[in-house]
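What follows is a pair of complexes built around chain A, which joins chain B in one and chain C in the other.
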Partner chain A sequence: MKLSAHELGFQALNEKIHSSKEDVVINECFGERFIGVGASSKTITINGTPGNALGAYLDGAAIIVNGNAQDAVGDTMNDGKIIIYGNAGDTLGYAMRGGKIFVKGNSGYRTGIHMKEYKEKRPVIVVGGSTGSFLGEYLAGGLIIVLGLDTDEFPAGYFTGTGMHGGEMFIRSNKTPISLPKQVSINEASQSDIRRIEDNLAEFSKVFDIAMDEILSKNFYRLIPNAKNPYKQLYTEN
Partner chain B sequence: MREGMFRNLSGCAISGIISKSGKRFSGQRIIDSITVMHERSNGLGGGFAAYGIYPEYKDYYAFHMFYDNRTAKKECEEFLEEHFDIINLSKIPTRKIREITDEPLIWRYFVTPLPTKLAESQLDEREFVARCVFRINTCIDGAYVFSSGKNMGVFKAVGFPEDVGYFYRLDEYEGYCFTAHGRYPTNTPGWWGGAHPFALLDYSVVHNGEISSYDANRRAIEMYGYKCTLLTDTEVITYIIDYLHRKNKLTFNEICSVMAAPFWSTIESKPQEEREELEFLRYTFASQLINGPFSIIVGFEGGMMALNDRLKLRSMVVGEKDDMVYVASEEAAIRVIQNDLDKVWSPKGGEGVIVTVEKGKI
Partner chain C sequence: MAIDYIYPDYEIVRNYDRCINCRVCERQCANEAHEYIESSNKMVSDDSKCVNCHRCVSLCPTRALKIVKSDHTFKTNANWEGKSIKEIYKQAESGGVLLSSMGNPENYPVYFDKILINASQVTNPSIDPLREPMETRVYLGAKPSKIERDENSRIKRNLPPHVMLSMPVMFSAMSYGSLSYNAHESLARASAELGILYNTGEGGLHENLYKYGKNTIVQVASGRFGVHKKYLSSAAAIEIKMGQGAKPGIGGHLPGKKIVGDISRTRMIPEGTDAISPAPHHDIYSIEDLRQLVYSLKEATRYTKPVIVKIAAVHNVSAIASGIARSGADIIAIDGFRGGTGAAPTRIRDHVGIPIELALASVDKRLRDEGIRDNVSIVVGGSIRSSADIVKAIALGADCVYIGTAALIALGCHLCRSCHSGKCNWGIATQREDLVKRLNPNIGYKRLVNLMTAWQHEIMEMMGGMGINSIESLKGNRLMLRGVGLNEKELEILGIKHAGE
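Up next is the complex of A and B:
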């Protein structure tokens, strides 16, 4: 089924997506919100710029974006997959608790804020480019991988992992990270660490057609919470 | 009901377009951009700032006025005649539409200070004009100057921005820069004067956010003679920009380092020269540091500046195509008027984007 988002408006668009039993292709997309909210089956392909909260509460469906996405992609997502061939905005994977998000380009501030995991539910975000500051803020679980494929600089901003108390992050770079808060502990990833994330790297490589050799050509840092230094307030100190 | 009479809790939309070559284009484009972000507003305020729209009167201050009644108009006009040479006056042309109601009397005056009055005041011309604006807004009951720059104008009302644009016939104006705002008031009830943009002289501000340092900023700026009459945070930001740019001659880059100063920990990590400059600005203008979430677009004569708070608690996207630069709360609001962009990016928190029209092109 083909739909014109701009003509329908976000409400009618989402009703049509919800009631469709087949895969959906959305064209003329200019900021229509909540696309694919709660969807549990089918593939939704978007040509354009989907609005905020794309794939919120996603529960098993697949979303493919040919373009850039805006803020809060995969908000509270439970299962399924979101693939973005451009960039994503702020708060990518906000409070996500399952499923996978792959972004070819960059993502904004607060990527993976407050992601969490429970038993077999372990959300994954892989960003091919760089992210803004506050990467993995309040991270409680899950896996975030940042590849920085288009840069020689460290591919995340300031205050990575502020308030982090669970989960892990892998950041690919030959440069050392800047201004990490005390509650984050950082090490170079070992061969066995890399092997644990290899399936996600391979999937990223396949989806965006980027050679594995290229992805593995730099060092990876692994960031985990530092149990000795629980969360200390940032905002009042400044 | 007016601003300050009750507090209501609740986002906003902003958009801006500028031609670096000074090419004038129709206000319809900014209406089309802000319309895409309809959901970010709630119908309690919309407005536009338009630059380069009065070339035939470019040497005169254009005062846009709201009057509650004829008495206020009469009193204000007496004041204007006493202080200014009024070259032209008229109602601002509007369209009657169902969506916009309860409009005040909306008038426009092209004025220049009377030479004798100006000389007597021993003030420079812009300070004289600014003081007259404050005098009207604080002393003449029912009269409110909402735009006072040269070759620019603010158009605002209670309503959704697309309706406000249609109401003011913005499609019939041509300028080299436009900014727009869709309001979702968070603290005040939403009155015509409280809609964005806020403006003083040629500075105008549209703002998405809610600054937590409002009262500290207000108390500080009132020490320098500014009077905050509307109890909204955007008004304070406008006066801070006037204070830093016009009075203290800071550059717009420096203004960004004051209003969205980096954290001390970030300043410490900078090379010495940059560190010293940032420290100087943070110490000297500590009371002009703005805390809390904001994304703003500032219009000024010959340019436009966009800035996010240092923690980047609000969204903002910049797009470029040839000589045009676009800024909006959402990328879709740029794509809808220019899908074929040369470059699109999100500035970092505290990283100002300053665009100026090439010299001699206005």
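Up next is the complex of A and C:
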């Protein structure tokens, strides 16, 4: 089914997506918000620039964006996949609980903040370019990979992993990171670490047609939390 | 160092003529204040461990125990009270932020206690609720400002989603994690029986409690714990938590020791890790951003549920409420500075925010002045202690109230204000299995139903006395209120006259 986002507006557009039994292609997308919110099946392909909260609470559907996306992509997403062939805005994957987000280009501030995980349910974000500051802030679970394919600088901004208390991040770079907070411990990733994320790297490589050799041509830093209870010493019972 | 020894606030007094060494007190005290000394065949107590929760007193079979406030004192000083001195000792020793529980206990004015309710005499007959119909039902949600008709002149059914309550009370947000499972079950079952709603708080919803969905408000807070499509879809309404009266401007933090078993699964974080809710939602820095979250939740639930935005009562609450009323939210919940909490920094709890009575009156006035009062319903909490507080709140302009502390007291809470310790002897604010099972949900829910039924009767009697037979006629009816001992500014803000006027 082909739909024009511009003609319908977000409410009618989502109504049509919701009632469609088949895959959906959306054209003329000029910033319409909330596309595919909570969708649980089918593939939604967007040609254009979807607005904020694309695929929020996504519950199993696949969303492909041929263009850039804006803020709050995959907010509190539970399952499914979002693939963006451009850049994404701020708070990408906020509080994600499951599923995967692949971004070919860059993403904004607070990428992957507050992601969670429980047992087999483990969300994944892979960003091909760089991210803004506060990457993985309050991270409680899940996996974030930042590749920095187009830069020789460290591909994340300031305050990476502030308040991090779970999950892990891999950042591909030959440059050492800037200003990490004390909740984060950082090491060069070992071969076995890389093997654990290899399936996600391979999927990224295949989706965006970027050679695995290129992806593996630099070091990866692995960031994990220093303590599960960063604020334990902060309080005195009164 | 001995300088940090603080004489206990409370003393456990045991009447040894009555004590039969049955050791019930020892078994009941999670703080381990009581101990049996075999060599002397005697029970002894350590006052320093006592939190004055009355568990041992209530269960002592021979009434041998009482807890009294210590008369031990620092040298009298009108400026430096013992409390201030002790808090400095604690902080000098630990370097920690003081952490407290439940609502603000300090001596600020309680405006509800300075407002009196009217009654009819002679000219306007009062109504006997036992004989005559009396409506306590309320509907929460946006009310359309005009009737629209289609081309055949039939009225368009464009009413936004509402929730219906049998009485203007809901149980306020208290998370599974801060509360025990049995406490949550009691609240859920009581709500179902009463035809009202309870609120999950920000900890998600245990899978066993989904069946109470149509009596459930699900909360979405900055940490987004336990939020997914099924959670949103199961509920009667969705609440976005922006703030809490006990700790305006700061976030929440459930310590790792409470993240065990089902709490971990419901919140979706590994066992033993802290559950951190940041102070702000990091995707909401403006009313426009708030509108985005409101609409993403409405989209996710196909516009079938009202969205509540909960804020703490702070200085410029009426301007904030005006923004919220334009954000697409259906209901505004305002939490006063006396609202309870499972844990909050003492200084924040005791010094930040404003009284709910003033916040409510000013929000209601502002929304009416701007012609947007019907965009939203107003729910107030923090703190509502009785049916009289409810009647006063509704006459000041609320549609409904939230009760939290009062509900916990019905479940057995003795307001010892030690929730943050996780060792609640009444099985309410704890995850320790042996303590949780002390709260029997079969009894707990019944006690909540009893309390609400009693309050409903009292509300009807007070309304009947005023000659009013529905909550709708009481709402914002400030002529039914008079102030006592209030200055002109306070009366002006509350929008009421002084008694005698």
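In the analysis below, the second predicted complex is superposed on the first by the 228 of 238 C-alpha atoms of A that agree within 3 Å, B and C clash if a C-alpha of one lies under 4 Å from a C-alpha of the other, contacts with A are read in each partner's own complex, and residues count from 1 in each chain.
Going forward, contacts are C-beta pairs under 8 Å (C-beta built on N, C-alpha and C of every residue); 3 or more make two chains touch, one makes a residue touch a chain.
Here the structure is a predicted model, which means the values were calculated and not measured.
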Item to check | Partner chain(s) touched by A:116 [first = chain B, second = chain C, both, neither] | outcome: second
Checklist entry - After lining up the shared chain so the two structures overlap, which partner does A:170 touch, if you call chain B first and chain C second: first, second, both or neither? => result neither
Next on the checklist: Contacts for A:90 in the overlay, against chain B (first) and chain C (second): which applies, first, second, both or neither?
Outcome noted: both
Checklist entry - If you count the residues of chain A that each partner touches, which comes out higher, chain B or chain C? => result C
Item to check | Which of chain B and chain C A:137 touches, first, second, both or neither | outcome: second
Item to check | Contacts of A:108 with chain B and chain C, given as first, second, both or neither | outcome: first
Checklist entry - Given the touch rule stated above, what does A:204 touch, chain B (first), chain C (second), both, or neither? => result neither
Next on the checklist: Once chain A of both complexes is superposed, is A:53 in touch with chain B (first), chain C (second), both, or neither?
Outcome noted: second
Checklist entry - Now for A:157: first (chain B), second (chain C), both, or neither, which partner does it touch? => result first
Next on the checklist: Contact-wise, after the overlay, does A:220 reach chain B, chain C, both or neither (first, second, both, neither)?
Outcome noted: neither
Next on the checklist: Just to be sure I follow: which residues of chain A are touched by chain B in one complex and then by chain C in the other one?
Outcome noted: 10, 33, 52, 71, 90, 134, 238
Checklist outcome for this item: Given the complex, residues on chain B that touch chain A span 36-37, 39, 263-266, 269, 311-312, 315, 317, 330-333, 335-336, 344, 346, 348-349
Checklist outcome for this item: Within their complex, chain A touches chain C through residues 10-11, 14, 18, 33-34, 37-38, 40, 52-53, 56-57, 59, 71-72, 75-76, 78, 90-91, 94-95, 97, 110, 113-114, 116-118, 121, 134, 137-138, 140-141, 163, 165-166, 228-238
Item to check | Interfacial residue positions of chain C with respect to chain A in the complex | outcome: 87, 90-91, 93-100, 222-225, 227-229, 232, 253, 255-256, 264-265, 267-270, 272-276, 278, 282-283, 292-293, 295-296, 299-302, 345-346, 418, 420-421
Item to check | Residue numbers on chain A that touch chain B, as the complex places them | outcome: 6, 10, 29-31, 33, 48-49, 51-52, 68, 70-71, 87, 89-90, 108-109, 132-134, 157-158, 178-179, 238
